[in-house]
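You will see two complexes here that share chain A, one where it goes with chain B and one where it goes with chain C.
Showing the complex of A and B:
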């Protein structure tokens, strides 16, 4: 019965609109169609993280069996995070999979994702490259995540050094995003990144 | 806005089918209640169940959760392990919920009822604001508006187009009006719409109508708008005159003088005129009025002839025609009387015919009776005056034989009774066409039986005498006839010849094997001719009476 899904989303939507998180611009929820099957979520990057100040957009699809099955959520905004695919935006979060509970709502999902940005789980990664960097070169990871937040999520922290490296590769004729992914993957080592791009 | 419409839509759908009320109560509670909200459907708990871990859900919600999420499931609220054995109906919560004050779920449709949930549930089943699906168009209509919807608003309703009287679906009416033959009755030239009355009376004079020049008959080919006709007339005066002159010349050539028949007609008319003035023409006023019309009619088709005729004869022609018309009307009236008379006559004659018919029917039946009486008397005569020599004509032999062969119940045939003398013994012949006992199927059996008669009291008993039974050969040539004949003597000791105690003495006397059937039926014999078998019995009484 698709009806219960739509009815619940209506109620959740009203709840989210009224919530204090929305009031504080921490989360945001928008309808994409009248059938309550597709929504657009937005979360603010949590403070004291490389994502601070960034705004991350999410694609939310409500299955017919909601709330008995979790919503399908992924990042639209590109993000550098061990549990989120830097390529597809797919999220590795237990509550969106087997730990889903019917009492959870879109609000709790968005808040959980926010929490995920604060506390990554590198041992259960979605993006192995990011997870490795997170574990092995924490400072490089933070710098990269900040840079990505600045570039893709309107973040405030400009990483001039990294930008210069991207420009350098762009100068060599590589596409900007590909260059950034290569550099991020190769811990901003231009030589390796170039090799990576060429191979 | 999207929220609003979506909401009302889904709540309609939901309430349409009450059996699908799986989730909680959607009512607006006063004051708003969150204490009894199901965490799954986020509505007020319907049939609340509680878990071991102390969370409440609607019965259907928690059951579905446990069903959907197979083994090792957890509480949707706290993620504690939960199995279907760990949930229980929470009747305390149920009672509490029932006592909560709420608005009718159809409040958005206009219902203002507010009551405890328990009473509301009862009310909602009959709430006049509950949505219903129109059986015709499928639209969702509030219950109380359904009658109006069905009788006036339903797009599937058939209505009559007021213009063409065709039946059209309401939803198509606007479309139809654009296409409706009568609705679209506007002047093809100027576009002015004509109502049906106007168009019928041709009252509409269209300024854009293209009309012909009035000299069209004389050869002017001009066609134009009414407004331009005037200038055409002025401009082409000379040409029109020439055309007119040509036409007149042509006519004169065709009719140099009044032709003899026209002259004769004139004379005839004169007579009519004088006759009609002398005659008392009763409907004179009518006639004159009719005459005027007649004159008008006359002028048109006879225009050409009129031009060549002298004025006087024409005038008298018209006048006398009108007189004829007048007398005609009189004649019509007269003949109307005649028709009435005739009609009455016919009616009375018809009545007469009916009476005669019934008389004829009566006579016919009387004749029929008399005829059958006569038949009986004839037979009686034959039976009584045959002097013991009776010929029995058995018609339809083939059919009777077939019936006998198949063992029909009446396979025993009896002849009419006959008398040895006018006041003698009565006998009858008994015939078994398929034989009896040993002769069955092979021979024809023939017997004679004594019958009761009014003479029995004056006759001597037992009967004595001779009986001859014959099956007659009907060969055309008497000498070639080989009739089968047997004579027997009535012995006084035989039961067959005692005075009969029943209508027919049940004992008879005769032959089981009177004649082989195959012999009788053989084609070179004439025992059966024209499907008739002739049996002759001769009884000679020697009794002294």
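Showing the complex of A and C:
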């Protein structure tokens, strides 16, 4: 079984390298070892989304039973999205679970993840905090997601106002990422974020 | 040909070049015949051996096929879709939209199948390559398999009626992975993305060569047949492998050929007088509370704080550790802090009262099974002392009655736990007490007095006692049943 998995990844890898998406820098795939069991994926944030201009890295583990079972994929780059855990990078996407089909490929997975960034499914959330914000405060959500893209995924949009708030909490002695998570969680209300960090 | 490996009669199959492809199944004619337990005559049931289960499944398919005239493996998928309710299938098949029915059951309607497949349920290689729905890029005589990404001759490409083609090797690995690693059988679909068309048995048998996988597949199919079918239930006894078949579902006792007697409705040991619903609630409660009730077994405990061993010398369960450096304040029963206790104490005591008795009878029942061996030896000995075979049978009968009484008593405590106090419940408790006393006396006679040498004396004593027990047990059950009919019982806790 391991044989077909490796063989398939080899062939898939060659296809992806040649594909037009790679040419346009939309997706990228790299091998992490010679056994074809671990790969690094990369997707560009889709245009007209808060992720536009960002580059998101993914950890891909190929199970022995691939392609009959889906690859294990998670985000390495921190991201603010209702279907992706802001803590672990775990992804909630049907094709990575029960809707996986043997005829799908890593290319289709990467493209599906890109599609997920364009169209979140807040009713089927992985990260309940982000999903709530997405549904209740769309503009705060977009700003937060842009800010995270800028900080963690080399995005182009600086959110100066948000950065100032993070610095303010850092000045109080909180660690930067923790401060950002608390502020993001509390819709950038400094007082509530501080309480959140203390409790 | 190993008969266990084969499943359906596929006389219509086109590719019969390889004998192994043929799926003629002739189940062994089993020596196990249908048995009706005289005790449970009011509820007719039949014990099916593993071979008979397969035969029964084939018969069901044949029955339906005389009417709908579809390939057997398609009928199997349809029947599975309707949880093996033949009438419902036939009703929907003739009254409703057939196309919709096939779509819901995840099969391609036979009317839309390629002409080449005709009456066959199997996609022959030539028919699928002709299919225009094929997603595989058929270029001349070779095509790409979307699973292994190899370019292969079209002759090794195959698929279901949906027309998605993959190479035979990938199909085999795909099916093996689903059957062996995921343990699924009747819900395996075409490996193409968003194609839900189900794989039929003939395809599995055609593409999987490994005997181990084929056997596992057949076990899974049989299992789903029994589990989906309302009128069938696996015998819950360990390693039994037989199933019970009934004509209508009821919470009544059934007896398997292995001797296990259980409730058809909930599969627990036969639990008269308590109803399935309350027993289920009770079993769950016991599981949840097992920590609290375990204290009964132990005489000493350790202080939850300083771990010093403590013996409780009486009275209240509010413990204060005497270890001067500790002085922990805790509850003897749960070993948790004392604080949350108090009013809930009475409820716990009440539960423990019933739980204790339930557990005691369950434990004793286990011991009584050992008694059979002892009694048998005794019976042989008595026959040597000029008693006839027929004269010593009373002993076995006595143990039978004892076990029945224990079992009934066990469940009376579950029944009583949920019962609200009223005039009828007082009568019930009197009956219960009376039966319990008599049962304990009978138990004592059989345990001890049987060793005495004056056999004639004890024969009378034992016979009188077990007859009394038997009568009292009937009286108790009749009273409970009467109460069910006349709705005399009131329950604590919601239904």
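Keep this in mind: the second predicted complex is superposed on the first by the 199 of 199 C-alpha atoms of A that agree within 3 Å, B and C clash if a C-alpha of one lies under 4 Å from a C-alpha of the other, contacts with A are read in each partner's own complex, and residues count from 1 in each chain.
The definition used in the following text is that a contact is a pair of C-beta atoms (placed from the backbone, for glycine too) under 8 Å apart; a residue touches a chain by one contact, two chains touch by 3 or more.
The structure presented is a predicted model; accordingly, all values stated were derived computationally and were not measured.
Of the two partner chains placed by superposition, A:26 touches none, neither chain B nor chain C. Touch criterion met: A:6 reaches chain B, while chain C stays clear of it. Contacts of A:170 after superposition on the shared chain: neither chain B nor chain C is touched. In the superposition on chain A, contact of A:36 is made with chain B only, not with chain C.
Legend: residue contacts after superposition of the two complexes on their common chain; A:65 is shown touching both chain B and chain C. Contacts of A:101 after superposition on the shared chain: both chain B and chain C are touched. Annotation for chain A, partner touching more residues between chain B and chain C: B. Once chain A of one complex is fitted onto chain A of the other, the partner contacts of A:157 are absent, as it touches neither chain B nor chain C. Contacts of chain A with chain B, set against its contacts with chain C after fitting on chain A, overlap at residues 1, 4, 7-8, 11-12, 65, 67-69, 99, 101-104. Within the complex formed with chain C, the chain A residues making contact are 1, 4, 7-8, 11-12, 15, 65, 67-69, 95, 99, 101-104, 108. Chain contact summary for the complex, chain B toward chain A: residues 2-3, 5-7, 10, 13-14, 20, 22-23, 26, 39-43, 55, 61, 64-65, 68-69, 74-77, 79. Those residues of chain A whose C-beta lies close enough to touch chain B in the complex are 1, 3-4, 6-8, 10-14, 31, 34-36, 65, 67-69, 99, 101-104. Taken in their complex, chain C has these residues touching chain A: 146-150, 164, 166, 170, 173-174, 177-178, 181, 191-195.
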